[in-house]
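By letter and in written order, the chains are A, B, C and D; residue numbering begins at 1 in each of them.
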Amino acid sequence: MADRSSAILLIRCPDAKGLVAGVSGFLYEHGANILSTDEHRDDETGQFLMRVEWDLEDFGLDREALARAFDSAVARRFDMQWRVAYSQEPVRVALFVSKYLHCLSDLLHRRREGELRADIRMVISNHRDAEAIAGFYGVPFHYIPTAPALKAEAERRQLALLEEERAGLIVLARYMQVLSPEFVARYPARIINVHHSFLPAFSGARPYHAAFERGVKLIGATAHYVTDVLDDGPIIEQEVVRVSHRDQLADMIEKGRDAERLALARAVRWHTEHRILIDGRKTVVFV
Amino acid sequence: MADRSSAILLIRCPDAKGLVAGVSGFLYEHGANILSTDEHRDDETGQFLMRVEWDLEDFGLDREALARAFDSAVARRFDMQWRVAYSQEPVRVALFVSKYLHCLSDLLHRRREGELRADIRMVISNHRDAEAIAGFYGVPFHYIPTAPALKAEAERRQLALLEEERAGLIVLARYMQVLSPEFVARYPARIINVHHSFLPAFSGARPYHAAFERGVKLIGATAHYVTDVLDDGPIIEQEVVRVSHRDQLADMIEKGRDAERLALARAVRWHTEHRILIDGRKTVVFV
Amino acid sequence: MADRSSAILLIRCPDAKGLVAGVSGFLYEHGANILSTDEHRDDETGQFLMRVEWDLEDFGLDREALARAFDSAVARRFDMQWRVAYSQEPVRVALFVSKYLHCLSDLLHRRREGELRADIRMVISNHRDAEAIAGFYGVPFHYIPTAPALKAEAERRQLALLEEERAGLIVLARYMQVLSPEFVARYPARIINVHHSFLPAFSGARPYHAAFERGVKLIGATAHYVTDVLDDGPIIEQEVVRVSHRDQLADMIEKGRDAERLALARAVRWHTEHRILIDGRKTVVFV
Amino acid sequence: MADRSSAILLIRCPDAKGLVAGVSGFLYEHGANILSTDEHRDDETGQFLMRVEWDLEDFGLDREALARAFDSAVARRFDMQWRVAYSQEPVRVALFVSKYLHCLSDLLHRRREGELRADIRMVISNHRDAEAIAGFYGVPFHYIPTAPALKAEAERRQLALLEEERAGLIVLARYMQVLSPEFVARYPARIINVHHSFLPAFSGARPYHAAFERGVKLIGATAHYVTDVLDDGPIIEQEVVRVSHRDQLADMIEKGRDAERLALARAVRWHTEHRILIDGRKTVVFV
């Protein structure tokens, strides 16, 4: 599927009769060869969410024509929020990391293997540890220290780089700094963090220490969108690993890395494949 | 969702443009309030499979009218195989069991709890062990011995009961007899068996013994539709449980029961909710 | 292993050199044929915990002689807390339940199948729902209402029954009442509860509602010993089930039951096989 | 635990009374501070297997003295096969790989992170793809082509390198060549392969293709010791990943990689921590 040139339409609107007929009828009229359709009706909120992907080969509308036609023929009628993405324009990604490199290495390796259809533009870090591995995978590395006195300046530099490279997604691959509300507001539902616990358990600092002290039998990791409230954004994916009394703190940290890698890799993949829609405090993931 | 009166349309046909538009347009015209739509395009076989469920409240067509109208307006155009099921007419189920009662008890209990929206009409067994539990859950029990000399006669009696009760699904809940090809042919894709291994590993007799001897680290269970070839029918669900060198054969048999219960309960649930379509040798499960 | 007549020695003491040599030497001297040995050294607390099980066939000491000899020869030297259990004296269990019967049914069925080597003496409930299933499995049922005005009286009646039947373990199989601190103090590390969340997430009331609102991607269940602090006792076992945006609250409740059943069944089994030791706030489970 | 200087004793012998007492008594006499003890009695074969690890700090015997003393005091009496490993002498590992680099990258990264306490001496490959990543992690790379005509010569070169570097473990990290029986015989229970299926299902070539055709609902990976019979050696670890009808062959291959990485990483870790003993056709893994 990776090399077909396709378009993806993401829709959110109040549920109503005729929605699927409206969207699929429109696409059919214009010659779309649909590859997949996914929908969700949220019984609580009354929202309807939809993802359609179609082959562009016989499709009769270019980008502007599609936007105009869809807006007037369908979107207005159903009061839709919508956007279109094109498979030939991979999401431009910035990876933020501090000293733990397991998630970063994993993402870079998956990119090289072709598992991740993302355009990784840069690695930004407040440490130099990631410089070599970024270089090995051919990704520009930017060292931006974040000592308290430098924090505001650091965010300015980060934002400048993100804008320059037109980053569409920021991935906090074990980045141990809290972003300011202003920074977060610039990238709504476009910053993915991996928290090293099974949220909402053990939010905040040192979750493995807390899990170890509580004596849990499973540890976890959570990939979520970043919002103003720490570790509170919409959850995208969670993964767990079994532990026992034999696992010391160091063992839990090591085992947890496997959960972190998997949860974050899936979240980034789904985001860059335009499979995630925000539904209030939650995510809808069409996989 | 259980108490809404809804209809479910299941479709299979060669993939073509306009399929979703055709089906959803038809339903919209007749006032259907769609609850969920699922589709699958099989890239290998070129088949398109679809499941649509809609609320019957405002729907303008009764059973016969729907059949006629859908056939002429949509189905013929796309060369569809299709059927409609109604949530108010639960699938009529016959449970077959031998001496191990864990799957049977589990299904009967789930039925009582309302997890399983099936109409369990009878328990048929070649032993008397299940009689008490069937009685407790208020399900008629039929003892039909299957000694080799009685086998043909046993199947005649079983088929008579199944017809009398108009059973739509036969569940082999650890039924240790092989059904004849003639019997199987009467219920295509309507007999679900649970095999106590992770198929295709350890097909045939005594899979736990074989797994124990091989020294596997995970054991499994497989729920599948029964076909003429033993343990070869389309797989519906599989579940695994971790084992170690500490597990003796008896431990594996006990742990395996949990996998059997879960795999079979999910398969029966999905079938009775009309979520499963056969796609060649495989199943498409819309969950 | 079920039918061998064996003894199990459980030990806790400060770690020291010669512990294993001391215990195994003692058992060897008296003719013990060891079936399994498990130990744990807690690096944090400096505690040593051990479980030894041996065949009684050639063993030279009866109950009193063993206690006397072990105490003087080994236990005092290492400042041990210890106890001996005998496989021929299954733990006497009282099951408490309210209206949800899935865990209760599961435990009763496992007992009948021989998976659970426990002597289930009674079912106690503040509702009448469980009466029939208890009766089916031949277990005495006691209806003890727990309306606020009756609470103290209810606990008196419960305690009287527990004492009369010399219950060694109380299992709260979805018992929706909080036990008083006085009650809990009478059965330290001998009351097992199943909480329908992945603790410490969603402790307290209505965990599935909270999980549904938070939009988690995995739900869980936790079996733990009951202490004075609600949902805070040592965790014995945890299980999780994957959910998605498609799962409504009712679906999560149903899926969660499978996790509850499994977590509680394992915890009860391990307790009745004397595999669990308390280590501060945690459990050590020798499986 | 990584930095304590410890010794590990691995034992296999016919089960007998006094074994644990004999071993632990011996170690106690010589001042060993035991860190962990694990044992297994195989009820089928009557074999006893044991692993003891102790801190060397106060231990009174050097390598030769230990061997002599243990042999005469304990090993002969119980007819033991045994060996001692020292934590300060990490296992010397050779990684074999062909074109798929995900397992190799994962192992190299884990080594750098300190998760894997192995001394990776070389990467050997019949392709040049792995050269860069080996170089990045500072591991010598040897390109040894294995075209049919070169096969015998290739094995000679490989064996020469292995001997020169005194490799104690060979890891086939997706090495797509079958080793000759002569090669395998040189490294009994010292060659670990990862097979990309849930053995014994789909042994041999193209397991993902076979799994895809069969329509399984879980795919797996198996790490096992290599023996003369293809994919038949003692299984060390297995891992599974859930798939659905939505997963095309390419998706299954990608998802399977996660299972491969995890199964192989655990197997290599356990081997290099001397946690695995062979017990007939099976492994005993002390974790």
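For the reader, a short list of remarks on this structure follows.
Going forward, contacts are C-beta pairs under 8 Å (C-beta built on N, C-alpha and C of every residue); 3 or more make two chains touch, one makes a residue touch a chain.
Given the structure is predicted, the values throughout are model-derived calculations rather than measurements.
Chains making contact with chain B as well as with chain C: A, D. In this assembly, B is the chain whose CA centroid lies farthest from the centroid of chain D. In whole angstrom, the spacing between the mean C-alpha positions of chain A and chain D is 36. Averaged C-alpha coordinates give centres for chain A and chain C that are 42 Å from one another. Chain D has residues 246, 248 in contact with two or more other chains. Taken as a contact graph, the chains are fully connected, with every chain touching every other chain. Across the complex, chain D is touched by residues 1-2, 101-102, 105-106, 109, 113, 115, 132-133, 136, 246, 248, 250, 254, 257-258, 262, 287 of chain A. Here chain D touches chain C in the complex through residues 17-21, 24-25, 27-28, 31-37, 39, 41, going by the rule given at the top.
The touching residues of chain A, when paired with chain C in their complex, are 40, 42-43, 198-202, 213-218, 220, 234-240, 244-246, 248, 279, 281-285.
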